[in-house]
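Shared between the two complexes below is chain A, which pairs with chain B and chain C, respectively.
Take a look at the complex of A and B:
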């Protein structure tokens, strides 16, 4: 039985974990993918399906956190052009 | 000698008070402009916070910038859903370099609450 607040909490954890990546591309991707994923499954009424996708989301959260550790070990040497403030 | 010491003691007291009271600034004569132990001299002005929060909300793709006012409610006035609210709160966190705990973030439902929270947070920058 997954409550709405748990879903929101999972979304927030995923977004927060995605923010920590040093690589601009992966940061943007995780943010967009979590939002898309939650929106796509936002209208489910079947509780078992909700539990299923919630469990998937939790797995993805673990993946994000695990991969983050690897990426933090090898941060990119230059700033991505999208991050530069072009005058 | 005693007079000199008495005068010096009188002059030295404000400095000791400043040290004892730490970051609180009380009515200390000519030393009033110095807040030696204050760690946060440059707290944001209310107008600054309002402007920046409104900019964040306006730059959200689903939001119509014309409707954004400091009192607007995300879900009732702007027609956003709870996920959009989460996204906006995250964007505000990034703008002001804050970490808003989940409990507080859940309560931020409108621009006015967001502005109030950021303004009252000691770490906003």
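Take a look at the complex of A and C:
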């Protein structure tokens, strides 16, 4: 039985983990994908479905954290153009 | 026989002094309820000043909220506006808290983040964390 606060804290952990990426593209992607995913499944009423989707989210959190370690080992040498505040 | 008289005498002397001291003591006793009232009101005033966030912090928070919830420039944002009243669901609140964390370079705990419902609360929490950070 997944409570609403657990879902919110999962969302927060995913967003926090996604923020740590040195690569701009992956950072933006994880943020957008988590928000889209949570919004899409936000109106579920069936508790078993909610549990299923919550378990998926947890797996994705593990994936994000694992891949983060790999990316931190090889940070990009130059900044992405989107990150530079070019006027 | 002599001893009770001496004892009575010995009691008399302090009794005189005690009346004098009691007279002196009575005055502050009568003042005490008034001073407590004064202390309480001054404490309340102090609490109000320390809790109120700076207006520029409140303004920055309002800007971020306006951007996240895509509000038009017409909607009035006061410090007491609730996020739910502005049309934000719990996910929007999470987004707003994340954006505030990034903007002010702070880290909000889980428990604190769940209690934020108005702009004023967010600004107060930010001020609180900004003060604690340099101390750490």
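Convention: the second predicted complex is superposed on the first by the 87 of 87 C-alpha atoms of A that agree within 3 Å, B and C clash if a C-alpha of one lies under 4 Å from a C-alpha of the other, contacts with A are read in each partner's own complex, and residues count from 1 in each chain.
Here, contacts are C-beta pairs under 8 Å (C-beta built on N, C-alpha and C of every residue); 3 or more make two chains touch, one makes a residue touch a chain.
Please read all numbers here as calculations on a predicted model, not as lab measurements.
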{"item": "Which superposed partner A:11 touches (first chain B, second chain C, both, neither)", "value": "both"}
{"item": "Partner chain(s) touched by A:53 [first = chain B, second = chain C, both, neither]", "value": "neither"}
{"item": "First (chain B), second (chain C), both or neither touched by A:39", "value": "both"}
{"item": "First, second, both or neither for A:26, with chain B first and chain C second", "value": "neither"}
{"item": "Touching partner for A:67 - first (chain B), second (chain C), both, neither", "value": "neither"}
{"item": "Intersection of the chain A residues that touch chain B with those that touch chain C", "value": "4-5, 8-9, 11-12, 15-16, 19, 35, 38-39, 42"}
{"item": "List of chain C residues in touch with chain A within their complex", "value": "89-91, 94-95, 97-98, 102, 110, 113-114"}
{"item": "Parts of chain A lying in touch with chain B, wherever the complex brings them together", "value": "4-5, 8-9, 11-12, 15-16, 19, 35, 38-39, 42"}
{"item": "Interfacial residue positions of chain B with respect to chain A in the complex", "value": "81-83, 86-87, 90, 94, 102, 105-106"}
{"item": "Chain C-touching residues of chain A, taken from the complex the two chains share", "value": "4-5, 8-9, 11-12, 15-16, 19, 35, 38-39, 42"}
